Structures are given as C-alpha cells and as structure tokens.
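Right after this note come the structures.
First subunit A sits with subunit B, and in the next complex the same chain sits with subunit C.
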Partner chain A sequence: MKITRRTALKGTAGAFALGLGGVHWDMRHAGAQAVKRGGHFNFAISAETPQYDPHGSDTYATLHFSAPFYSTLLRYNLAKFPEVEGDLAASWTVAPDLMSYTFKLHPNVKFHDGQTLTSADVKATYDRLRNPPQGVVSTRRATFSDIASIETPDASTVVFKMKAANSSMLDHFASPWNTVYSAKDLAENAAGPRSKINGTGPFTFVEHVKGSHVSGKRNENYFKKGLPYLETYRGIFTLQAAAMLNALQGGQVLAEFRGVSPAERDRMVAAMGDRLRVEESSWTLNLLVAFNVEKKPFDDVRVRKALLMAIDRWGGSRGLSRISTLRSVGGVVRPGSPLATPEAELAKLPGFSKDIKKAREEARKLLKDAGHENLKFTLWNRNLAMPYTPAGVFLVDQWRQIGVTVDHKQSDTGPYIAAMRSGNYEVAIDFSNLFNDDPTLAMTKFLSHSKNPLNMSRANDEEIDKLYELQLRERDVEKRKVHIRALEKRLFDQAYQQPLLWWHRIVLSHKTVMGWQMSPSHNLGAQLEGVWLNT
Partner chain B sequence: MTIATPTAADTAIPKAPNPYLEFCRQQPLGAISFFIIVVMMFAGIFSPWVAPYDPLAIDFAGILAAPSWEHWCGTDAFGRDICSRLIYGSRTALVIGFTSSFVGSTVGAILGIASAYFGGKIDDWIQRFVDILLAFPLIVLALVVVAAVRKFVVGGVDVNLIIAIAVPIIPRVARVVRAAALSVRVMPYVDAARAAGYSHSRIIFRHMAPNVVAPYLIMLTAFIAQAILAEASLSFLGLGVTEPTAAWGLMLSGNAADFYREAPWMILFPGAMISLAVFAFNLFGDSLRDYLDPRFKV
Partner chain C sequence: MLRYTINRVLLMIPTLLGVAVLVFFMLRVVPGDIVEVKLRGDGGNVTQEVIDSERKRLGLDRPLLTQFGEWMVNMAKGDFGISMWTERPVMEEIMLRLELSLQVALMATFIAVLLAVPMGTLAALFRDTWIDYLVRILTIGGLSIPSFWFGMLLMLSLLAFFNWLPPITFTPIYVDPWENFKQLIWPAMAVGYRYCSVVARMIRSSLLEVLNEDYIRTARAKGVYEKLVISRHALRNALLPAITVIGLEFTFLIGGLVVTEQVFNLNGIGQLFVQSVSRNDFMLIQGMVMLIAGFYVFVNLIIDLLYAVFDPRIRYDT
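Let's look at the complex of A and B:
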C-alpha cells in the first residue's frame, strides 16, 4: 500500500482517537463537543400532513410537522429507549397496584400565546383523547379506556385514577401523539388543533405553505432553560424520494428523519462520502398480510393458512433486505425487543417454517382439501414504491409457487384505505405503525373487528380478545410473555393476518447536524429541541 | 423495309408485380421494420415457449446479475430474467398498442367521415370538439383520462388504460380522415348514391369509407408506435400496468431507478426495446404511406 501524506495523517489521527477513547465514539451523543447555538436548519419531510392534530392522526407526516410545537406528559429517553422520562411532568409516581398515576408538572410552562399551563390543560387534553367530542377524531381512544377519572388537586398536579391495572399505561403517557393542548382553546373549539397550533413546545409556529414547507422559530419562553439550540428551522415537503435525495446531496436539506432504502443509502454514501452520516436501526414498523374473512374463500382457515405457509419469509428477508426497507422476520412484537418471540419458537409457527419445501407441500394439500387448488384473487396494495411494491411482487411470486394466481392491484393511499376500511378487498398488504415495543400497542391491531375497526381482517375472535386482556393486566413479565405467545399462536393458527417482514430504518443526515437521536421509530425524536448545527 | 409482326409475347399484358416484393424493393427500411414487427408479434404470441425463464420467477440468489450466457440481458433487482420479461413485455406493448390504436383510429375515422359527410353544424361541433382535444399533447390527455377512470382489468389487460391511450388518438385521426373524406364527398358517385336515396350510413360505410382506407391505415400504424410509447410512459409514471406484470415502461421505473448505476442493463434493454418498437412502427407507417399514396410515387 502506498503511504501518502494524507493516509499518514489519517492514521495518526485515528491512532490518537483510539488512544483517547479506545472505541469509536460519536461525539455528538457523548455531548463532549461544545454546542453551538443559533442557525437555521432545513430538513425534509417526505409527506405533507392533511391536518395538524396528532390526536387524530396515525401518520408520521403529522408528527414531523407538529411535534416541535408541542409537549407531551412523558416521552421516551431515546438514548435509553424504551425508558421513559418526563416532558411536561417534572416527576411522577405510580401506585403499587397500578390503579393511579400522579404527575407533578414543571412550573412556569407557557403556551405560545402566553397562557400558563396548568393541570386543567392536561385533564382537558386527556378528556379529549379518551372521550372526543362530536367532530373530533381520537385515533388511539381505546388505549385510554382504562382511565376512570382525571383529578386535578392543584394547578401543578394531575392524578389519573384507573378502572383496571394496565401494564402499558406509562407507554401511553409517553406517546408522541398525545400532545397537550390548552383547556381554554379546547373549550372555545374542540376541533381547533386540526388547523391552529398553540403548544408549549420548543419552537413556535411561523408558517405552513401548502405544498412547500412548515417553519418554526425558537420559543424564547420554553420551560427547559437553554433549549432549543436552533434559531429557526424549515421542514420542506419532498414527496418524491429522488427530489429529497438530490436536495440532501446538494445541501438544500440537511436531513430526512423517516428513512431511506439500502439502495438510496448506497447512492448517497457514494455521492457524499464522509459528509454524510448514516444511522441504522430495526424499525417498529411491519407490513402485514391480511385476509378479509368476510369474503369467500378466505372465510376458510385452510385457505388462509395455506397462503401464509407458502411465504418463505427467511429467504425473502435475505433478498428483500438488499433492495428494500424490509428486513427482519418477526411475530407481532418487534424482533430483538425484550418481549419478542425468539427465532426458534417462531420457526414452529405456521408461516415461519424454515423448511419451505415441506411447508409449501402442506399448503398445496390444504388448498386441495379446501377445494381451491387453482385459487385466483386480487391482492390490494398501496401505490408506494418502498417497500410496498417489492412486498407485493414478492407475495405474488410466493403464491404462484403453490399454483395460486394473483392480480396485484396497487392504488393511491386514499382509495386503498377506503377499500380496506369498507371491507371491499380479498387480500391486502396492511401495515402496523408502532412507536414502541409495548405488546399491547402491537396487539391492538388484532383485537376483534367489533372492538377495533382497524383490524383489517374483520375477524372477531373472543379467544384473542381474552388473551389480549390477560397480557394487558399481567404485571409479571414472564407470565405476560406466556399470554403474548398464546395470542400469537392463536392468531397465526387462525391465519387472520400475519406480519410479512419488519422494516429496517436508515436515516441520512449531514454530519453538521448534531444532537438528533436515532430510535427504532420514526414517530419519535421529532421535537428537534436538542438539535444543533456544527457549522 | 420490313414490318415486324408483333409476337404473342409482345402483345401479352405484363404480369403485375407481386405487391409485397414490390414493397420490399421500393421500401427496404419499411420491409426491415415489418420484419422487426413480425418478430415482436411472434415473441409476444408465443412468449411462454420463446422466453427462457418465467418472467415472474424471483431468484434472490441471482439479484442484479450482469448479462451472461445464462441470462442474456442480465437480471433485475428481484433476480428475474430481463430477457424473458422483455419477451413477455412485447405482449403487453403490442396488445395495448394495437388495441388502443385500433380503437382510437377507428372512432376517429368514423367521426372524421361523418363530419365531412354531414357538414354544417355537425361538422362545426365535431371539429370544435376535436380542436379542444388537440390542444392537449397526447401523453397529457392520456394522463388525465387514466387518472379519471378506475382500473378495470379484463383478461389481464387494463381496459381503461387502452381507453386512456385511445382517446388522444381520436381527434388526430378524425382531422386527417375528414380532410380525405371532404374530397370524396364531392365525387359524382356520392352524389349519385344520395340521389338514389341511399341511407346516410350506407353512403358513409359503403361509398366513402373505402376511399379513406389509405390514410386510416397509415394513421393506425403510426399511432401504434405512439400508443406503445404512451403505455411505456404511463407505466413508468406508475399509472399503467402494475408490478409484477412484464412491461417495458414499468421495467424502467421502480427498482431500475435505484439500481441503474450498478446494473445499467436494467434500463438499457427495456429502453432499447421501446426505441426499436417505436422506430419499427413509425418507419413501417411512413413506408406504407410512401408506397400507397400515389402522390409520393411521382
């Protein structure tokens, strides 16, 4: 190897760094580098929210837009994910029997319009979440059904009294979607947050230019002293991946916080070299194969099971992870997280066999027994290139191998969601967009359709509902695992729906962007309060 | 001085040359184009026997393989054989190209002849409508139609995609055919038919239509190329056929956009096929026009 002056300098610097640290250490996480205040930050948002209220949304587009303007009661400590920490809550206590939660709020918290935040605002917010008035949408209403009452003994104390112990309650209080609004604003217009922003977050709203951007400026009265670091920011809507990548390469935007595909990462690394930071993590997102049990022949468990058994997830994972954001094989809980089903156990469940030849033989036999050897159906999918199209192509190929003919129908998100919710489909690729590894959140999707209309299989299964309740009330982790495994087995034996593959998150940013924390969810870390620019 | 007596051979009527051989002699480029079209049609019709692999078969072990003896045109991001997808893609291109061009040209020809025959207000209304449609470029009008109508698949073919491509062809053919029909309308035999009391439809279909067949055929072949290009463009934009259907335009979009740097064969071969098909149909259409139109023989 030819040693040039540059390689020699690099080597010396590397040796010095190793000598100092012993390990590779990202300085921005260590907080060792002096923070630089001020500056303007442009980042990309790859979708534009139709409204501003996170309570009624389930798309990251709303959070990446609204999160910098708001606070939540608790939030996740991303450096120690999934540990929770206080946001508006300075401290909190949980009753030993999990029947009450008491929060002490930070003093002197001001809304952007000058109102002082009190416990009444938290109560009004959570009342809206669990019991939305007419015309207000609360997407995660079911997660608060265990709250019996909310008490406000003084202006800085909120007490949640529970009807039943709920092992997931702290996660719900830390949900990024549960942004706190002013009680006065809600009293004036309960639907106001859909179109007007007044929060207590690190940035104040400046403007939203439709089709272009949202911008914010530093909240001088933010209750966390010294934060935020940035003076102003602009979230630029870049709906086309190619446009976003070009903007990133050209420096018009310095980051995109949702995620890109491996091919896009490789292209940007080749183009930008060491100016680019690449952060990767498994993702709390998965694609699901859902069968509409109200449509024939998918009311027959043998047909559903055969179709799931024909899918070679392990082989697909190896191939699809090279060309898409799909990667990990897992059950209903994110693989690798504490309550996830281990690989050895998973491989015993229908649809996860590692002996695909044998599984497909069995699948063919099941179809023959059901009288559907030459099955034909339409697979509904979203018209999104990544990763929906690769997933659709993969499934068509897998089912073709047991003699099934599939018409792959891709449509825009609007008609797709309309078809799914109205039950006007046979088989569909659905998604599960989570923000943590809490099994309750993940398994809500599989509750009976009568209890949760977002269960796209439209199946009603009392056993699954019972197991869901058991795991929710169980405080012993090992016993809870048993209930989770039982629910997973029941779900896959009945083959209503099943995760296809879990996503892999790759976030690209310029190395000048400091203080942002990577996490397994693109719904987290959107507040931007700790972000600063090293320019 | 002797007077030569003509022999039987001298007085025989010269044998008419074979029109196909004459076409090949006069229009060699047209003949080559025709050969290419025939090869494409053969590949499309007999693709299950011609293609070396199943065009839908995924092979993750062979992702992005370069062209080789095993895979003549390489493989794509799913490890699918590009050559097989091109062969099956010719079926998609030709079915949609032929059908939409035929539907558009035929409807356009009927409108053009009717417009010329009836004249007056009917002519005015049809021509103003044609003017409005002509104001939009072909691909823009096709985009509008395809976005407005829902996908409706019959026998694996999206009927609405065919309609979307056929609609922009209608005014273009109508305008040309009307011009030809106007000169036919004033012919004595049309007046005679009218005087004999024949119905409008009889006069249009029996007496006028056969006389505008030449421009109709020329437009039909020329628009097959446009239709193939439109189908490829719509598929490229995600509005045409959907994955995993083998279609040339679709092969240029999606994963090809991500991987064309490391696997340029993913875009080279489909691009070449689209160009070849469009060139072949355009050249064949031009050659047909030159061969059939007597004005070009002067």
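Let's look at the complex of A and C:
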C-alpha cells in the first residue's frame, strides 16, 4: 500500500477543508480587500446551452449557464490548480489501495426547493452518471465504470467502492460536470434536470429567456455562510465576438469567462486602458494533427512521420501566438502541468525538434524512401476562425516546405464530424477539450479505434492500450510518469496523431469585478460564488 | 375580384406543399447528425451506444417517409414538432424571436417608406438638379454600404461619441416601450437606410417613366393642377412596382437580418436560422422555412390584391 505524492497532496486538501470547516468563507475569498456585498453583475456567455443538465453535456455553455445553481462533491482549488478541495464534501478519505473513497458531507445543505441534501442524493446522482436510465444522456458514463458500488452508511456519508484502482478518480469527483441532484427529483423524472433546475448552488434560478439571457439571484440558504456576495446576476448570450467586445467596452457586460484572441485583447486594451483587467493562462485545450491510417499513403509510418517532422512548432508558436489562441508546445499532457513532458525531453521526440532544417531534410528523405516525394492530400478542418483557420493555414505552409501540396478543406461541425466518423478523410485537425490535467482524460483519444471510435487516426495499437491501462492503475506518480512518457513516445514514433499546439487563455473583465479566479480551463470556476463588485 | 382572390389563395397550397417536400428531403441529404454535433461537437468523448440511443429517442432512426408523413400530418394540425437541439416546441422557439424580428422589419419599413416616397418623388420631379443628384448619391450609398457595416458604424459611433450603447437584451414593447425603442431603433435605421434606397430609386425611375405617359400629358393639357397630376395620376401608378419591392423587402427582413442581428446582439429569426443550420436541427429549420415561405406567399397575395386595387385592368382581366 502506497501513499503517493498526489494522493498525499489531495489528502492535505481534504484535511485543509476539514480544518477550515468553522472558518467564515469570506476569509478565503476576500483576500486583502474588504468585500462589498450585493449588486447586480452582467457577464457575457458566448454560447447558449441547448439544455440545463451538465451530466449530458460537454460544452462550457452548459456550465456557464448551470454551474451557479449547483454544487459538486469535490472541485478544483483554482488558486492551487490542480489541487482539489471539497464542495459538498466537508472531508474525504481515500483508501491507500485506492479501492474506496469515503466522503463526509457538509451538514444543513438545502436544495433550492427546501429539501435537505443527504448521501442518498449523491448516490442517486452518481448512479445516474454511471448507469443512466432510459432517456437520460450521461456523456461521462465510461469515466465511472470502475465504481463497483455506492454505499450510504448514514445521511452524511457516501462510500464509493471500486472494482479496480483508478488513479484519476479524485479528478473525476472534482469534475464540474458532475452536479448533484435531488434523489427525489430524479425518482420523479430522471430526465428532469435537462429542463428544470433545482440545485444546492450559490444562486437560485430566476429565468432563461431563450436566445437572450439566464439570470440568478443569491441563494439565502447557501450552505457556505456569507456566500455568495452578489445579489443578482445575468449571463447574457453574446454569440458574436464583436458584439461581446462592444458590450464589454460599453459596460453592458463586465466580463466574459471563456476567452478571447490576442487581437481582441489588444483592441480592448487600447480602447479601455486601465479600466480593463487582462488575465492569461495556458489552456487545457489543444489542436491535434491526425492521419487516417486506413487511407493510403498514411498507412505508411514514414509518410506520417515525415509530415510531423516538417512542422516547426517552436517557430510556429511564436508566430501563431500573436494572431491566435494557439501558443504552447507540448505533448499529450498540458505543458507546465505536473505530469507533462519537460521541454528538453520533448525536443527529442519526432515532430518537436528545435533544428527544423535538419528535421525537414530527414522528412524529405522519409517521403522519398516511401515513394511519395510529391505528395498531395486534403486536410480537413472545422470552419471556425479561431484558432482552426490559422492552424490549417500554418500546416499547409509547413508541409509546402517539404514539397507536399495540401488542399485545405474547412467545413461546418456537422459535416466535419460526419466525415470523421465515416473515416472519409486523409488528414484532419482534431481537438481536445479537457477540463483538467489528468492524463487519462487526455489520452483516451489515443486508445485503439476498436476501443474508442473517437480515435481520429483510426489506428489499433495494443502497445498504446497497454500503456494507457498501466498509467491508469499506477498509484506511484513517478512510475505513472514513466508509463505516460512511454505512451507518448509510442504515439509519436508511430505518428498516428500529435498535438499541434496547446491553446492560451485570455480573459477580459472590468477591474470592478473582483473575486473571480483564473484557471487553465474555461469549464472551471463558473459558480460565481466568490465574485463581487468593487463599485 | 372575388374569383381573383380565390385563385390566388388556392395557388398558395401547392406552393407551400412543394416547399415542404423540398426542404424535408434536401435537408436529409446534407451530411451531419445533430446528435453528434450536440454530444461530440465540443470534443465530448461519448460512446456510439449513447449516440445511438439519443438518435432513437429523437426518432431519427425511423424511415424517412415515416418521419415525413408524421411531420406533414402534425403540421396540418398546427404542430410543427420539437426542436431537436433544445427539445422545445418549434413554434415556441420561433415565436420567441418572431416578435423582435417582426418589430425590426416593421420599424425599418416605416423608416424606409417615410423617407423613400418623398426622396424618390422629388428626385424624379427635379431630375438632373442638385436635389436629384443628392438623392442619387444618398441612395447609391445606401445600396453600396452593407447594412451590418452601417450598423457597426452606428454602434461604434455611439460608443465613441456618447460612451453609450443600446440595451443588449430585448424588452418587449408592451413591457417598456422606451427601452424597446432604444434597442431596436438602431438596427431598424441600419437596415432601413438600404431598404429606403431601394424603394426611393424604384419610385424615381417608375415616376420618370409615368411622367412621360400620354395620360399625364393629357391631364396637364386639360389644365389639371400639377399637384393633382403628380399625386392622383403619376404617383398612384408609379407606386405599383414600389409596392412589390416593399413587400419583398419586408419579408426578407423577417429572416434575412443574420449579420445585422449579430452586430446588435439581437435574438431574432435570422440568428436562429443560422444556428439551426449549423446544428443540423432539421425540425427547427423546416419550421422556419415553412414560416418564411408562408410569409412570402402571404405578402405576395397581399401585393397581388393591392395591384388589383391600384390597377383596374388586373381585375377586368381575371
């Protein structure tokens, strides 16, 4: 039995949460400045959710809409990301063999309709997530497949028993998508949360005017005494960046929490000067280049490898980061995060060489050996301006430099996904939308196509599957890193697919908006409980 | 006149039926699946099993003809189905936006007609004078400048000179007329300028043509006052083609203000149309196409009837 550094860190977080149980929540959020209570906060949401249930969603639009109304068992401590902290859980313990997780819930937590939250509600929520009834979508069902059973020894204790050790479980419990619902509500209508909101979050639902806005007001019975600070808020749907920026400049909205491009940031800085706060972070999103191994000549590893080696990521990062949200060079885990491959090690892998001249010479030789010196193919891409178009144009140019001709085809999301699913493409720009730095989540994309149809290379590789499983079950962080590195090396040596660049997040807000915490994911920190207005 | 009206009304039925068949089957040819866009569009790692069960729940696994038959039968009963994206009734989704779109279209039409009739008339009456040149410059400007760009200029000017922007969320006119006016007058002006230019040029050219007709010369020879010649004989006839343009432009404004709606962050039919197309929300697209086709057919009917009112020859011919 081993207590790893990661487990210990998370255990400390649990103890921290327990230790601070009696401390007023204000002290953790306010910082040095005196908090001003009340006020109305308008912010922009750049997409509108089709439904309210985060269990069945993967878009931030659902979280920016629903998160203020709900609580989760754990959540990320954004000031110390990726450390987790309790939300509904006042404390928790993890068995040293990772075969059980015991959560103690905060007392006196009330749903907005007055029901008292008990362990039965958490159990019903997680049962719905791992085994959704007919008519309910749970997009993270596979995430909880290692749970054997959920027990509720008393009204404030929940115990998750595992079938197998899973080193990512605490991250899964901290997922912002796993909002806790009332067992009674779910028994009445399991699909209810799609269209009806009843949570335990800091704000209560007021109205959703389709195509216009969602609004909430302070939950007077919120279990974290003293929170939230705001009296009311309105999330206004501004689907076009230009309209959002005008609204921000004119003070109609005070913030937008997904992110903007460098050009948009520069425009707003010039227009608003020191009234504007700019916060930046690396982002848990990346674009990938994927080769369809079922199409010739991409069944030849030499061709795939040559194309990866021709990409000057380091130079591209400098240029693209000025015009797009693409910036960081990284492997399968977000660069800079605890399990990421260090730069020096990364530079030795195919596609990451800092000597681009030499790499391209080698790429040309590989293409010649494979008999494809004058290769021509079509690159499929989504027709989203930021950052897909600059990424596609960049790739076309990179491959041109080794004599390859590329037709850049951009299409709507519908036809794009249809082409990816049917395998009717040669090379594609794929994307990873992650909410944390957990490598399991990031590497699911690389599992054999037979196990995961979302593997855009459509490759089946038992070696990768084995390494994925090894890192998932490994409790020792250092040993886990070894498996992750080995998987990464195998993936890049075989050149099935590879991250092009990781995104860079830029969030703009008026300086009057206080208490919001920047993080590497736009899916996190949407609860607004610590936000207040310094007006 | 009655027979003429009945003929026109009956002609609406095959037209709308043709639109229904075309829109239903053409949408099914477009690649893409709403369930995949919904669950995988943002990189969701959902299994095929989840996708299949969701498609089944939405009835997308049934044969096309069954889906079409059901849609037609329900439509005849006034039920346009459920949006596959939001799972709310199509009519609810449309009606929510129609109020705003209709109001912008009406306000723009009002602005356009109010300005276009005097502008076009004056330009024709004072042909090749500075008045004519001024109207021609203004109207060519209106035709050349895209409405959304003019809208952006308006917004940026309000921001730069008054540090003020119109309200960003819609307030119905019956809730707060002033708040409603403050939001919608700007997009109405942006599209009204182009609209006014089209109508003014049409009035100018048709009035110039009419002013050279024999019956105008006869009226003048009889000593009819010039004002009466213009208003009763010339303008009445010159307005006929302008009415067609006004009608068509009005219908276009209901669903065609996509970019202008985006600039002003308006929750209108145009934006809904684009969103539903990009999401492959067939039921909503079908509902909107039928609605807009219905509008076109209805407005054309009104135009035809107005023609009959303004031009007795049409009544006598039928």
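Going forward, the second predicted complex is superposed on the first by the 504 of 535 C-alpha atoms of A that agree within 3 Å, B and C clash if a C-alpha of one lies under 4 Å from a C-alpha of the other, contacts with A are read in each partner's own complex, and residues count from 1 in each chain.
Convention: a residue touches a chain if its C-beta (ideal position, glycine included) is under 8 Å from a C-beta of that chain, and two chains touch if they have at least 3 such contacts.
Quick caveat, the model's predicted, so the values are computed rather than measured.
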Problem set entry | First (subunit B), second (subunit C), both or neither touched by A:Pro107 | neither
Exercise. Is A:Ser432 touching the first partner subunit B, the second partner subunit C, both, or neither of them?
Worked result: second
Exercise. Between subunit B (first) and subunit C (second), which does A:Gly336 come into contact with in this model arrangement: first, second, both, or neither?
Worked result: neither
Exercise. Can A:Ala242 be said to touch subunit B (first), subunit C (second), both, or neither?
Worked result: both
Exercise. Which partner, subunit B or subunit C, is in contact with more residues of subunit A?
Worked result: C
Exercise. Which holds for A:Thr59: it touches subunit B only (first), subunit C only (second), both, or neither?
Worked result: second
For this session: State whether A:Glu264 touches subunit B only (first), subunit C only (second), both chains, or neither.
Result: first
Problem set entry | Touched partner set for A:Pro153, first subunit B, second subunit C, both or neither | neither
For this session: Would you check which partner chain A:Gly38 touches, where first means subunit B only, second means subunit C only, and both and neither mean what they say?
Result: neither
Exercise. So which bits of subunit A does subunit B touch that subunit C touches too?
Worked result: 242
Problem set entry | Interfacial residue positions of subunit A with respect to subunit C in the complex | 50-51, 56-60, 134-135, 137-139, 141-142, 194-195, 209-213, 234, 236-240, 242-244, 246-247, 249-250, 252-253, 412-415, 417-419, 421, 431-433, 441, 444-445, 452-454
Problem set entry | Sites on subunit B touched by subunit A in the complex | 56-58, 60, 63, 77-79, 151, 153, 156, 238, 242-245, 254-255, 257-259, 261
Problem set entry | subunit C - residues contacting subunit A, complex | 30-34, 36-48, 50, 53-54, 57, 85-88, 93, 96-97, 152, 155-156, 159, 163-165, 167-170, 262-265, 267, 271-272, 275, 278-280
Problem set entry | Footprint of subunit B on subunit A - complex, ascending | 242, 261, 263-264, 267, 315-316, 318-320, 322-323, 383, 385, 389-390, 392-394, 396-397, 400, 407-411
